[in-house]
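Let me begin by presenting the structure, written as structure tokens, before commenting on it.
For reference, chains read A, B, C, D, E and F in written order, and residue numbers begin at 1 within each chain.
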Amino acid sequence: MSAFLAIVRRDLALAFRAGGGALQSMTFFALAALIFALAIGPEPALLQGFAAPVLWAVALFAAVVSLDRLFQADFEDGSLDTMIETAEFLELQVLAKALAHWLTAGLPVIAATPAIALLFNLPPEGYAPLLASLLVGTPALSLFGAIGAAVGLGLRRASIPMAILSAPLYAPTLIFGVNAAQAGASGSPEYAPSLLLLGAISLFSALLGPIAGAAAIRLNMS
Amino acid sequence: MSAFLAIVRRDLALAFRAGGGALQSMTFFALAALIFALAIGPEPALLQGFAAPVLWAVALFAAVVSLDRLFQADFEDGSLDTMIETAEFLELQVLAKALAHWLTAGLPVIAATPAIALLFNLPPEGYAPLLASLLVGTPALSLFGAIGAAVGLGLRRASIPMAILSAPLYAPTLIFGVNAAQAGASGSPEYAPSLLLLGAISLFSALLGPIAGAAAIRLNMS
Amino acid sequence: MSGATFKLQSGETLLLKGSNGAGKTTLLRALAGLLPISGGRVLLAPAVKASPSELRAAAIYVGHTDGVKSAMTAAEHLLFWSRLYPGGAARIDAAVAAFGLDDLLKIRTGALSAGQRRRVALARLVISGKPIWLLDEPGASMDAESNANLIALVLAHNARGGAAVIATHDRIAITARTLVVERAPQAA
Amino acid sequence: MSGATFKLQSGETLLLKGSNGAGKTTLLRALAGLLPISGGRVLLAPAVKASPSELRAAAIYVGHTDGVKSAMTAAEHLLFWSRLYPGGAARIDAAVAAFGLDDLLKIRTGALSAGQRRRVALARLVISGKPIWLLDEPGASMDAESNANLIALVLAHNARGGAAVIATHDRIAITARTLVVERAPQAA
Amino acid sequence: MHEFLKMGGYAAYVWPAYAVSVLAIGGLGFAIWRRGRALQRKLKELDDHGGAK
Amino acid sequence: MNPFELANPDRFERFARPIALPVSVLAAALIGVGLYFALFNSPPDYQQGETVRIMYVHVPAAWMALMCYTALAVSSAVGFIWKHPLADVAARSTAPIGAVFTAVALVTGSLWGKPMWGAWWAWDARLTSVLILFFLYLGYMTVWAAIEDKARAARLAAIVAIVGFVNVPIIKFSVDWWNSLHQPASVLRADGATIDSAMLTPLLLMGAGYMTLFAALLIASMRNEIAARRLSRLDAAAERPISTVRVE
């Protein structure tokens, strides 16, 4: 358990040192949203509808981008050896790394959301659902992503990025996330169920991610 | 000169080894477009208007994301020493690395554009302008990015991501790029001038990028 | 590789010699349970076949790539490791003392000299509290003093009943049985 | 650091000794023109003050971090360097011969052993064709044979009128003036 | 017959669909068959030259 | 007979060689008859007109895309859990076949979409997830291609296949979950088929044809894979150790 916390804490520290961490992905996120606001153009009517999709897309994006190297650095400098050597449950350590990733890539995005949503002049009743959907859904992104990252360790010459492996897992998360946010904003009855479904996905990811990820790492390290 | 080519060639090789290179960022790009399309939803009418903004935004992401580490790896493993030691003009070497980056991050995006545009059902008359704007504009992204990356070398503790440094430079590129693409598609007279402006920006970047980048590296290495 | 039949008693040290590329690192990583052993088996204690996971539990490997992050200070590394290895917290001070890290604790390891950085990496041995130490070129780029220091540490470890396997090129002042690793003739 | 007043004639080798963290690497990097020299000056040839860029032109530095990319083969490295150093192409074969790299050329350096990788890094010396070699722990994790080999190479370099400064901890078989770098007492 | 080829004006969609299906699947079959032949030939050579079994 | 007995490649060879040809012939026959019905002996649809004939190549291909991936996931799981060599061989051999069927479903689908929806492509849940399925096949094959050590490749690829399986139910039910442009299931559904038998006959014939064709192709490429492995085992160089250890 203390190992779990130690890993989380270390990855957080590293993320903040290595040019940015939380702030990194927050600004990235803001930048991205801004780009879209700019791209879509000034019509507020148009913008409103896009707050949820764009914010969700960007959140997923921020995750995908940073996940590729989730284990790579540790693998190269040998500290993954130490982690394997000391792990009674490698799954826990994968979970820890995924959690750290969510804290540095997922949470900041959520923190920035209200500001960005304002910029998209999202109607007031839209905020709670959007935040809820992100809060419930984004952990799944980090957890599913860990699988791709772990598998990717092995293939030096892979010509297809491992994001592809996680894509089928990202897609439903994204779709249900946007659904939930929009249903909530429009006060449709679908809101609760789609939010529940989203939660189910996250739970599933919390199970699948560590198991599959750990299995892949074990394979790649041997 | 042969050094210039050597650096370009080496960086291309490395990019391809490290999981994919061109294909890497191409699929990454396709994935990104897919993410947005999924988020925005199926209505083809809606999508059409978004081809240009989304493609430009994604091109920018692809650049930003990979630029952070443009010099980092060489710095850490000491090969930046060799490059400085042998450079009569460090500017040239920065230019070489920026070029290599554009070839692996910018060009593939452009190559993939027609396919993605098809999926966004971009109207036929939209293709030429979109491609033109990307072709003229994206080099500026790699070149401006090089400045941020070079400055970033120094500040280990920096908690502000390099993206921010380059953001003010990216923004106009992006805005004019999207403008040009959309103006061209709608056949408005703005097309030619905004494309010219874009070209001017790229030229400026080709001047500023190497000079500022090289200066920053010299500072950081001493 | 083949023919690796040898016995490592508790309280003894084995030296691995052999030219570059002979296979020392490979052997050590296998012993550490970080590589699969194709054929041949490793016996822990009275003839118990050890699975890689058991090996990982008993042995600690410090290799060429030292698992030290340039962005973190020595102190942060020690703290981190002490959390990974059960009971490590109690051994931090011992580790600092053993490798004279007192005045390096607050410096980013990236700013440390090669030898200083190496010492930080080796501090993991003490923190781990594992019985079997597997060292790959421990002395590389450490000065004579730190090297003597390390050897004393290994001997003390033996005295405490711990075992060690050390791969090295420079002759070091430990009287121990030596394993010679040779590169098998390849059909080029 | 201070007090570094010494003379390096063409055709001679200087040894840098000193405990870990004494400042050898720092000194070498300064000589290589990779660090600014605060006070004190470096004279190239008859009392010409050398600017960092002149130093960079005259000297090559091979340090702890060897500038070798795991993803590229040895051959690719040699080719790359031969493009960076003017006229390097002509010296590739010499470099391969000097460090016996023939049968390593096609392997990813990431798969090489520590010593083999080190040899690849050192091959840069020969390719550069520079008169002044600045070596930081060249022998680290190389076996006796490769080390002897390297020393022979340095002597040959001297014979050709080249100069070398070598920072090392292990006593090596070169009769040369030795420079001892010491860490100034710190106000801890 | 001509009517049939016109596919009620949808020829441009129907026939390509059939063509793609035939070519892709047929091509795959052919590729597999070719690989099989090559492999069998190699194996045979090895066996003839008393290659280890 | 117990399928595990096939674990032994030679036994598989003995089982496969005799049936290989008949299966291929059967596949050819079924598809031939199916095509005849599809093109000459079935009515145009009252609203889709002649384009409905695309259905006879599109739908079976789409079915196979899903079927193949299911087979891939199952054999991967068997190979992963029971370390069953033949299962790995089967999985690896299934992937390219499935990829081709998926590609056909995609292309014929969008060829059908242009006249029906007026667009080659729509970012509808089913279409997108089929596209992802295609990527998955590619990813799976990349893993095999990118790793020299085949034993490791097999297990890594297996993880990919098993994880990716979640995509299949999504595809199957996407039309019901998200209001999609795409046809809801009209054949493979709990309450029985809902399309006219004149169209059902050729559809089912083609379906059966594709299925047997898959069997034939699978057998063929599994035999190839086994032969290839025998070849690589035959070159002795791989056996020699890199280094030896001697005590002094």
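Just so we're on the same page, a contact is a pair of C-beta atoms (placed from the backbone, for glycine too) under 8 Å apart; a residue touches a chain by one contact, two chains touch by 3 or more.
Because the structure is predicted, anything quoted here is derived from the model rather than measured.
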**OP:** Report the pair of chains linked by the most C-beta pairs in contact.
**Re:** A-B
**OP:** Look at all chain centres (mean of CA atoms) and spot the one farthest from the centre of chain C.
**Re:** E
Original post:
Does the chain A and chain B pair touch with the same residues on each side or with different residues, judged by whether over half of the numbers are shared?
Top reply: same
Original post:
So if I superpose chain C on chain D by CA, what angle comes out, to the nearest 5°?
Top reply: 180
Subject >> Centroid spacing, where centroids are CA-atom means, of chain A and chain D in whole angstrom >> reply: 45
**OP:** Could you put a whole-Å number on the gap between the CA centroids of chain D and chain E?
**Re:** 59
Subject >> Mean-CA-position distance for chain F and chain D (Å) >> reply: 58
Original post:
Taking each residue of chain F in turn, which ones touch at least two of the other chains?
Top reply: 125, 128, 132, 135
Original post:
What are the residues of chain C that contact at least two other chains?
Top reply: 18, 22, 64, 71, 186
Original post:
Which chain A residues sit where two or more other chains touch them?
Top reply: 17-18, 76, 155-160, 162, 164, 167, 171, 175, 222
**OP:** State the interface residues of chain C toward chain A in the complex, per the touch definition above.
**Re:** 32-36, 52, 56, 59-61, 63-69, 71-72, 76, 79-81, 83-85, 124, 128
Subject >> Footprint of chain F on chain B - complex, ascending >> reply: 27, 34, 37-38, 40-42, 44, 47, 118-119, 121
Subject >> For the chain F and chain A complex, residues of the former touching the latter >> reply: 125, 128-129, 132-133, 135-136, 138-139, 142-143, 146-147, 152, 155-156, 159-160, 162-164, 166-167, 170, 178
**OP:** Mind listing the chain A positions that touch chain F in their complex?
**Re:** 147, 151, 154-160, 162, 164-165, 167-169, 171-172, 175, 208, 212, 215-216, 219-220, 222
Original post:
Given the complex with chain C, which residues does chain D contribute to the contact?
Top reply: 18-22, 24-25, 64, 103, 112-116, 119, 136-137, 140-147, 169-170, 186, 188
